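Both of the next two complexes hold chain A, though its partner changes from chain B to chain C.
== the complex of A and B ==
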């Protein structure tokens, strides 16, 4: 049997070069993209991982990198830079206790329901535990800083930009898209007009907003002075400064939501909409039962794209306020950038990795628990 | 027509004659020199004069401008990574120590000695012997003289019967008295004090102005940043806390968005007549005589930075009254410690550039600093260059042509002279990684304090612990030795 098998193998003609090329054509085609990805994404990721465990110093003719283990991470999480990344903690207020308790109960309920559903898998459980741990950590962070009179660090500020900013952009984008999907005069003009902010570079937007929001010389200064509020400035209050950053970010990114949602709305099944109208359904019912199920997968996907992008916000706070007043408007990317430009490359890389951990868990969780169910909803 | 051509020829000959031996027509044909500096002021004169230099020598000067806060790292990254796309950096002398540690800066000692056109002996002693040098060698050619000074509205003070502030307490009293008055006749209330306090900008130097006048009273070599015995930060004391109080109180008399204003914002505010008092470098003087933009021509004055009648006892950390022993350099009982903040912009050359490029680069640095160019540039506010040559520090045709009256010039140049000649002048921090001490730890802590995120005690703790951590990380003994060497301490 073995001999016979061997003779069969021997009798098979060896494939020629062209045939072998054909057989591996897929790999060859993908290779350039893999090389580019390795050079510009994976290698820098590995090098920055090493940097985050090192201390950079200048030396004659170049520089040195001394391995310091997890020192840079310890400084950020429990050491001298804790206030910067995580914030200044205060004892929990009653509201903070309520927030933490409610979050914990919701997490336990969702986890329990999954575990006793009979569909639980090992990987599914691990994924849910990671998501639950991050959610609980975020709730604790907000409870100990924002909701207890403490001072939020750059992580909380970034999460505020992400959660509040992306929510506002989505709701505004959806609203404008629904309006522009109506048969109104000049709707093409409005479509182009609403899309313009997306074309402008973020730094340009930041400088424009800085000029617009100037309380002394800006175009709205006479109005502000006419209302006798010239003695107040948004730039000196933490929340008003954060709000101004979010207004600029929302102005820039709402068009992205708008244009994609408009395309999704225009692709919803027309016959169903018309049939519903004939049956006497009102606008809200049509939106809830036809439009929303049709656009949900697209909506979830663009929110995911914006989430990834929103975690990297830097231009607006950098130009508008330089991260101030205090640390109020500093995002994690700006935090990393400031450390980088003063030679603290290890600290900068460590902040970058903290951002990577948080944004990856948030985005993967969002994909698993929002985008996938939305796609199932459509199907 | 012929007369015009002759005049043009004569002026061109004069210009060539005034240039150094290294700068002959066409000598650098085909050579490109990449120069990096900050956006705006400082970029302006380099960019404006580059075409003239190209016509004279053939060298193309390519000026790259980046925001001030990015400049240090842009240069460092380019040179440390071996990219070497930058041939000349026009930067702060403070950063020199880090660039020299990596061996990136060219030693210019011999070139400066062999270039009579620079007229090096005319350069102010502080810039010639301190700003331009490190360890006895020249690494930078100064274009700009930098000292912090106080500016005031002479007309408003006279009208209100107030004296020019001599101490920080006087400053606050005058600012409070004048705050809210209409100072430029536009019908809107204006501000008692304007100080740039924006984070991640150039505001952190103003802390040292106030604190330094209380910590340093026994001469420049005493220092103000660290205890020269063991490199302990001079922060956990009454002087630093009083400095913080001053900053907080002065904010009450400033523009509502003062915490988001850099010096680039407060300068036009002063020139437009909206501030009674202002702290800044010498730029405000030349901006204030600009006939197009200034509304305070003939109405402003300048003075040495205010001081204190109490100074710090380094042993106890408490403030004590000035007397002959505690304040040997006091004027009328007030200890002044004028701060040579920044130390003046200057150009250094990348040691890794090609020899021909280095020659052209030095010729450009020489051209910019020669009196024919420098004498014009230091009188124009938009350049960002302030007087640094001895000949520029007295009233002459130079200032008359710039539109400054003799009284204004005496006042303005007198303030610079008084600061430069003070035996108790504060030298800026020039130890390795001084950026992290000042632009990160100090700047961030002050910004948090002014924003109300932390109180004075917490600010003291943050700065003190942050500086100690950096010193331990970089090496306490090395940092101490360099700190002592840079201020001339024993």
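== the complex of A and C ==
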């Protein structure tokens, strides 16, 4: 195509304005997108980086920004805000030791296999080392807080939402998609119905679930009271409050997984499934050998999309619990938002950057080590 | 063959390859029914709560209108007539439609160019650009240099570099690198960018306007548009576009008259997905709007008043927020699955 375009241009002795524009049309077509992203992503990112390295204070007639280096980050990781971001650490329990040991062994095994495979490259090794370091840090963080009776901070809470929430949404979505893909009546009805929660605003979902979970006036109140636990409230206990947030999130996002996975399952090679049936394969075998390889690339990609979005959760915990009880349901975005409200702009930007680091490493790692191999599986 | 089967066989073995065994069928329908309840009960509860008043909720729980309680339209009348709901509602409509249309236009233009035209972006120039950007910001914020001077100097230096360093450097980024950069912008949590955007609009006196929200949502959703539409464009055959170019059509004309119509159904899917995201967005609207440009999600969350949450009013808002999107999505639902599938398979 570029050849064709060039020959048109060459045949005219002096290109007019329109043609000169057309020769660079590609640049002009990408330019608006690049400008918008520079103004609303790169530029703010640099300003935020600067903010995270300074202390903000209101002064008469305006504000002052004082450069303080990595102080904000040091405060978050080892100083007065460590409790808020990382949680309260406790000596490892046996269970925590087991978690750390298993994680370390798995990482060492995978890294070793890669290094001795003969395909190792410098960039590949660096990437894997970064992923391994983050995985190990996350394992240590979980081991020191939730697994040892400590108090998890906002980072652990966010990771719980991401890991548990996305897993639950994927498994539920896959299960329902498999059910719907069978020869049943009313498939289109279910397809439309199951899609609806995706369209409800997360703030609305938060209020809806607060209404539903009301132990005195909610629709399930008679059932709850029959078990004589009417005095108990989910909002006062850390794990039940976290569970409520995840239930709301799962209710909203399972339809997304469902709708794409259903389309992928319907797209799988029909003749292979029928041939397998005739040969007497059972449902599990068909799923393992035909359906799963066919949908794996799609599955990996939508999990990636959800991972990217799940790290940003704020609406649900903010409205449902306000981050409480204590810090139990506070996500990192909410943490940053609360810091902003208390005029701690440097701290707010630093929390935002911590979130950016973690989610970028997780998402890029997931893309490189899960989505890419999954796509190769298909071809 | 069916004559000699035992009861167990009849229940658990399919009669033919196409059909399911009766027991499996029963389990399937039971599970689908349970999930239908999971989806419907919250929606139903919101719907009937919107027809209750304070007393109905306080003395509840009541489940069935006309039997348990008498439905009342007080909350509807209050929210739609007395309370200013229409303003935020119109804001939401304008912002969602405007930003979706803009993101779709800019994003598909970029995606098309990235699929069809080879780019080579000099690595050195990217580095110089970033260094100059940081230098401008630091000199303005720390040393109080007036920003027009700083920007002018930076632009001059950049153009100088373009004709000196840029000519010599060979290392360049290709199309896939540019694409990856655009898409990776989606990973950035909005909370990181929202403060500078807030200050930027404050300086431009655009805070609390629909325009500010439209342009911000466009930027936030642009990566998804590029991610999805690039695969639609990659999937259409080249011949039509080539013959149009030989006939002398400009690239822009080829894009609008040939390429865009060919990927219609994919665009519909992308449109709907972006529309839902923009319609429901909360965090950015919370920062960037106050009273004039307030959108529905912010209004909904503002119903949590000092007297306690006004469930009935809130339910009205949620119902009016869901209704239009549900109708649109139900009509276009088939496109969504197909559109997302293409994006997800090749993305």
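Quick note on the criterion: the second predicted complex is superposed on the first by the 354 of 379 C-alpha atoms of A that agree within 3 Å, B and C clash if a C-alpha of one lies under 4 Å from a C-alpha of the other, contacts with A are read in each partner's own complex, and residues count from 1 in each chain.
In this section, a contact is a pair of C-beta atoms (placed from the backbone, for glycine too) under 8 Å apart; a residue touches a chain by one contact, two chains touch by 3 or more.
Values in this document were obtained by computation on a predicted structure and should not be read as measured data.
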In this superposed model, does chain C or chain B come into contact with more residues of chain A? C
Which holds for A:74: it touches chain B only (first), chain C only (second), both, or neither? neither
Have a look at where A:208 lands relative to chain B and chain C in the superposition and call it first, second, both or neither. second
Quick check on the superposed pair: does A:340 touch chain B, chain C, both, or neither? Answer first, second, both or neither. both
First (chain B), second (chain C), both or neither touched by A:184: second
With the two structures laid over each other on chain A, which partner does A:233 touch: chain B (first), chain C (second), both, or neither? first
Need the overlap of the two footprints on chain A, from chain B and from chain C, as residue ranges. 318, 340
Residues of chain A touching chain C in the complex: 1-2, 4-5, 8, 18, 21-22, 25-27, 29-30, 32-34, 36-37, 39-48, 50-51, 65, 67, 175-176, 179-180, 182-184, 190-205, 207-212, 217-219, 221-222, 251, 259-260, 262-264, 267, 274, 277-278, 297-298, 301-302, 305, 308, 311-312, 314-315, 318-319, 332-333, 336-337, 340, 345, 348-349, 351-353, 355-356, 359-360, 363-364
Under the stated contact criterion, what part of chain B meets chain A in this complex? 69-70, 72-73, 76, 80, 82, 98, 101-103, 188-189, 198-201, 255-260, 269, 274, 432-433, 435-436, 439-440, 444, 447-454, 462, 465-466, 469, 473-474
Chain A residues touching chain B in their complex are 55, 57-63, 80, 83-84, 88, 151, 214-216, 225, 230-236, 238, 241, 318, 321-328, 338-344
Note: in the complex, chain C contacts chain A through residues 17-20, 25, 28-29, 31-32, 35-36, 38-43, 45-46, 49, 57-58, 60-61, 63, 106-107, 109-110, 112-114, 116-119, 130, 133-134, 137-138, 141-142, 178, 182, 184-197, 199-200, 215-216, 218-220, 222-223, 226, 238, 241-242, 245-246, 248, 250-252, 255, 276, 279-280, 282-283, 296-297, 300-301, 303-304, 309, 311, 314-315, 317-318, 321-322, 325-326, 329-330, 333, 336-338, 340-341, 343-345, 347
